[in-house]
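Structures given as structure tokens follow.
Common to both upcoming complexes is chain A, partnered first by chain B, then by chain C.
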Partner chain A sequence: MTGRKILMDFEVTPTSHTLEAYAARGGYQALAKVLREMKPAEVTKEVTAAGIQGRGGASFPAGRKWQVVDPDDGQPHYLLANADEGEPGTFKDRWLLEHVPHKLLESMLIASYALCVRNCFVYIRGEFDLPYRRLAAAVEEAYAAGYFGENILGTGFSCDIYVFRGGGAYVCGEASSLLSSVEGTRGYPRNRPPRLTVKGLYQRPTVVNNVETLSNLAWILKHGAGEYRKVGTEKSPGTRLISISGHVNRPGVYEVECGYPWKKFLDEDCGGILNGRKLKAIIPGGISSQVLPGEVAYGLELSHEALWDVNSSLGSGGMIAIAEGTCMVRLLQVMLRFYHHESCGQCTPCREGMGWAHRVIDRIVAGKGRPEDIDTLIHISKFNDGTTICGLGDAAGYATVDFIKHFRDEFEYFIEHKRSKCDGRLECLPEVAHA
Partner chain B sequence: MKHLIPEFEAIKKRLPAEGHSTLVLPCLHRIQEDRGYIADEDVDALVEYLGVPRIQIEEVLTFYTMLRRRPIGRWHLQVCRNVSCSMRGAERLIDHLSRKLGVAPGQTTPDGRITLSTVECLGSCGTAPVVMVNERYHELQDEQSLDKLLGELEQP
Partner chain C sequence: MPEIFINGKPYQADPDQTVLQVCLANGIYVPYFCWHPHLSVVGNCRICMIEEEGRGVDIGCNMPVKAGMRVLTESEEVHAHRKAILQFITLNHPVDCGICDKAGECTLQDYHYEYNGAPSMSHEPKVTSTKFYDLSDRIVLDNERCILCSRCVRFTREVSKSNGLGIEERADVSLVRPSTDGSFKDDAYSDNVVDICPVGALLSRSFFYKSRVWYLTSTPSVCPGCERGCSIDIWHRKPEWFVQSLDPSENSAIARVTPRENPAVNGPWICNKGRDLARIFERKRALEPMLKGKPATPADALATARELLAAARHPVAVVSSWGSNEELDAFRRAFDAGLTVVAKHDHAPEPGEVVEDDVLIRADKNPNSARVRELFGNAAASIPAEADLVLVWGEGQAFSKIPPGAKVILLGSYLAPENGHADVFLPISIQTERDGHYTNFQGTVSGFSACFPKAPGVADAESLFAALAGSAP
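So, the complex of A and B:
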């Protein structure tokens, strides 16, 4: 067991995602309480007091984001749930959309009430098929039950929702680029300031929150910020959905109470590393969070502060375990190919830099690496940092620098010997006995 | 595209009045679902219907990888090759499919039945490797399950 549960607090059955099942578990009670007993500002106060941090990657406190929006400024406001889950290694929002779509919808209604939002959106990645069908069906159920539309529960509050499908662009998971996409243009990120909470969708104050962040709100408003604060650690209240993949025996989505020991999580809950291997390294929260050597991870607890202390982060909760024997050079090649493919092309350092980095790592893997290539990769990475509008290029750079920092010998070996120090393997296969 | 306009009008009822260009991507998705790709006449019709500049539609069409301007095979096999899938054997699967179908990723079989593509992370890392067949996910794949899958795809 990985601590107390807020989101995965029920048994999954073939019908547990329906409105009927959700209502039977006490669903939409928090919404009724909020609409009938609370003022919008009180809801924001409660969310701020709960201290919940964003679950999309940046871990920014949701309440502080909301506080920038003035509910009474007389103009339209917008709320968007970011379900463009594309950070490699991350598949937790998909679990929520497939299994508890109503938790998201109830929470979005609560957020819309707090922020004076008349129209909200879920931006779901275009490839998601079952999650989309489940969510779209849940929206229709909620409309039919009177939770969306005009005069919800007879309280005078009205709200509409639209599930917007993305077009297959990683960069659209970045909040401003997500808004560009909803406005019907290329998904280009925008410069800040102005912040999106000042000028967002259609130049109106807009809040973009991750699916998991929002899904926690129904629980927080039902039980109160005080109860929420009792879960997790002081600096990381609540739980995190960790989606773990790679070389573990039991990959999947786990709800982990913040502060839970990482070693215990890997060894007991996830069943340890495949084929009894040692843990070589771990990517804690999506490939844009910095890789950590296995022995470092084993000594830590799963909380934002513990990961920040080692210059990494829980990021999007997309954890990838890497077994001993895996070639880190080829793994970085896969990552740099991805960043190159997904660079939107707006900013020169990222558009050109990702192409250069990709070609350099391809050259190394092809056995044509040059001794100066390692420095070239680091140079490109550092040049990208802070010179682009969004964080895509920065993240690719951090990943590169940290892969080289922890596994420099493998890069040097590959360049010198024109082959991998670890047989070029990415898979963790059972040892074959030599004849 | 014109026969889809009543559907587009229905979507508008749940959208804010000030965001008419929000319909660009939903319309393109629906047209592609209907025809299999987006033809020039669809772009003409959408420009007229939404009243947005043609260049905006063209930009969107070239930006989003899911949108197509040309027809592809009846079956679209997309193999994820990102980190978690590669760590669970995606590279072997791509080679296997390539050999078996006689086409490289990005190509369609000569009979026009199957298009093979590689994609980046599909959010199915815990059940890697994943292969998408048209819009459906097929998870935890290996060579044997893919052979079975290929056999089950209906004949032309």
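So, the complex of A and C:
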């Protein structure tokens, strides 16, 4: 067991995602309490007091994001749930959408009430099929039960929800390009300032939160910020959904209380590393977070502050375990191919840099590397960091820099010997291939 | 007015300005590709890096002014970033300046020499793309040279409003493409994208491979295409680069026309008609005076004209709305109250031409109608039937509207059948051969200068009026 549960606190059955089952578990009680007993400002205060950090990757405190929005400024406000889960290795929001869509809807209603939002949106990844159908069905159920629409629960609060399916671009998971996409234009990220909480969707104050961040709100408002603070660590309250994949025996989605020991999580909960191998490295939160060598990860607890101390982050919670014997050069090649393919092409450093880095690493893997290529890759990453419009350019740079920092010998070996230091047989083992 | 410190010196700034605008307004140059003073800010080229002390580098075009902020435009960090961005921009740029029409006035070329100067760090093959892609029959696109600054796309959305261009695909294979409804082909302002393109990606068909820009010089002028009177530059060969052995008419030909920024009239734009002034000014010229269709000496022709004017009892003058303010004034001085004046529209909208829109184009296709109205406000609408002599100045007078039996003196510049029907034909100079001013419909007076020497045998209308002065009753 991985500590206390907030989101995965029920048994998954074929009907556990329905409104009936959710209501039987105490669903929509928090909404009724909020609408009848609390003022919008009190809800924001409660969320701020709970100190919940964003679960999408940047770990920005949700309450601080909300505080920028003045609910009484007379403008329309918008709330968007970012369900465009595209970060490689991440599949936690998918679990939430498939199994507790009502938790998201209830939480969005609470957030809409706090932020004075009349229309809220769910931007769901276009490739999601079952999650979309479950969410769409949940929206139908919620409307039928009077949780959306005019005069909800007779309190005079009205709110409508729209489910918007994305077109399959990674960059649209970035909040500002997500808004561009909803507005019907090309999914290009926007320059800051202005911040989205000042000028977002249709130039109005907009809050974009991750599905997991929002889903926590129902629990927080039901039990209070004080109770929430008791879960997790002081600087990382609550739990994190970790979607672990790669070379572990039991990959999947786990809810982990912040502060849980990482080694215990890997060895006991995930059943250890595949084929009893050593853990070579681990990507803690989606490929945009910095890779950590296995021995570093074993000594840490799963919390934001512990990972920040080693210059990495829990990111989106998309953990990828990498066993001894994996070729890091070819792994980086796969990652750079992804970044090259998904670069939106708006700003120069990422548009040109990702293609360049991808061609360099392709050449190294083809056995035509040059000794200066490593420096070229670091140069590209350095000038991608902080020069791009959105964070994706920075993130691609982090991956490259940290792969080279921790595994430089493999890159040098590959360039010198025109072959991998790790022979690559691990990927070909039958039990892995059919796992 | 917040005060900000640029490179240690204090400057007054407007709270709505960005740091880049403050820098440029105070003569501190910061390089930029995608930013344009008349288009929205997108901040995608990332070259206008400015360091805010204590906060690191960021783009100047989107950096709001804060009172007391301290920025550096020439720090080591800024230079390193500019250099790196230029490495990225030239990564897949073909650097084919030797055969590029933009060479010599290309911002990428300038910045490379100014801020980078180093060979490419890359050993990889460049990304290839489409070349000679026809966006319309006027504009050619070279996608390899394109740096995707999106100025052209924003121009069609924000200025010409045709929404004619967009970007397809993504990453380093993004392509500027025309919209599928073909609206770019009908965009009456499409040629402006050639000017605002910071590199040689968008090229004009009419100037394609025509000349190196450093062989050319520009003369300030006014577009005569409509009563807006946009300020333009007419580009033609520099005297020191005159061709000797090739066709010498090249030396007095209009190579291209570009807008000259004039906030009072046209901003930085002109329409496509203004680009095609060669079609107006380079028609076959009439160079010989004629008497009833037979060549005559200038002295004979002038003497005959004076006789006809002196003999006329009901002389009528048809005034050209293509005449300059100076010519119109000379006309009035010469024939003050001596004859009946009829105002004429020399040019009417041609089939297929945009007649009027809410950007620049005006329905009256003559440059000086306003001054004609001002001087001859009570002019007759048409030639009175009792006229026994008609002095026609310029084009556009239908001879069928002239009373039969009336003598005709015609002052014209171009070959036309009417020239032979006139009793006296006198050739006059055109706008590109003389100095002058036009008054546009808003009352703004703009001047133009001579680009070329006068064609042999022609006289200025102004001097002809002086020579004919006093002969009218």
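A few comments on the model shown:
Here, the second predicted complex is superposed on the first by the 425 of 435 C-alpha atoms of A that agree within 3 Å, B and C clash if a C-alpha of one lies under 4 Å from a C-alpha of the other, contacts with A are read in each partner's own complex, and residues count from 1 in each chain.
In the analysis below, a residue touches a chain if its C-beta (ideal position, glycine included) is under 8 Å from a C-beta of that chain, and two chains touch if they have at least 3 such contacts.
Bear in mind that the values here come from a model prediction, so they are computed numbers and not experimental data.
Using the contact criterion defined above for the overlaid structures, shared-chain residue A:N151 touches neither chain B nor chain C, since it reaches no partner. Contact with chain B, but none with chain C, is seen for A:G184 once the two complexes are overlaid on the shared chain.
Residue contacts after overlaying the shared chain place A:M354 against chain C, while chain B stays out of touching range. The larger set of touched chain A residues comes from B, when the choice is between chain B and chain C.
Look at A:H341: by the touch rule set out above, it reaches both chain B and chain C. The intersection of chain A residues touching chain B with those touching chain C, taken from the two complexes, comprises 169, 186, 341-342, 344. Of all the residues in chain A, the ones that touch chain B in their complex are 76, 78, 85-91, 94, 118-119, 125-130, 160-162, 164-170, 181-187, 201-202, 243-247, 251-253, 283, 287, 318, 320, 322, 326, 331, 334-335, 338, 341-342, 344, 426-428. Residues 41-47, 49, 56-57, 59, 62, 64, 81, 84-85, 87-89, 91-92, 121-125, 127, 147-148, 166-167, 169-174 of chain C touch chain A in their complex.
Within the complex, the chain B residues that touch chain A are 11, 13-16, 18-19, 21-26, 28-29, 50, 52, 56, 59-60, 63-67, 81-84, 86-89, 91-92, 119-128, 132, 135-137.
Of all the residues in chain A, the ones that touch chain C in their complex are 169, 186, 191, 193, 340-349, 351-356, 359-360, 363, 370, 376, 379, 382-383, 386-389.
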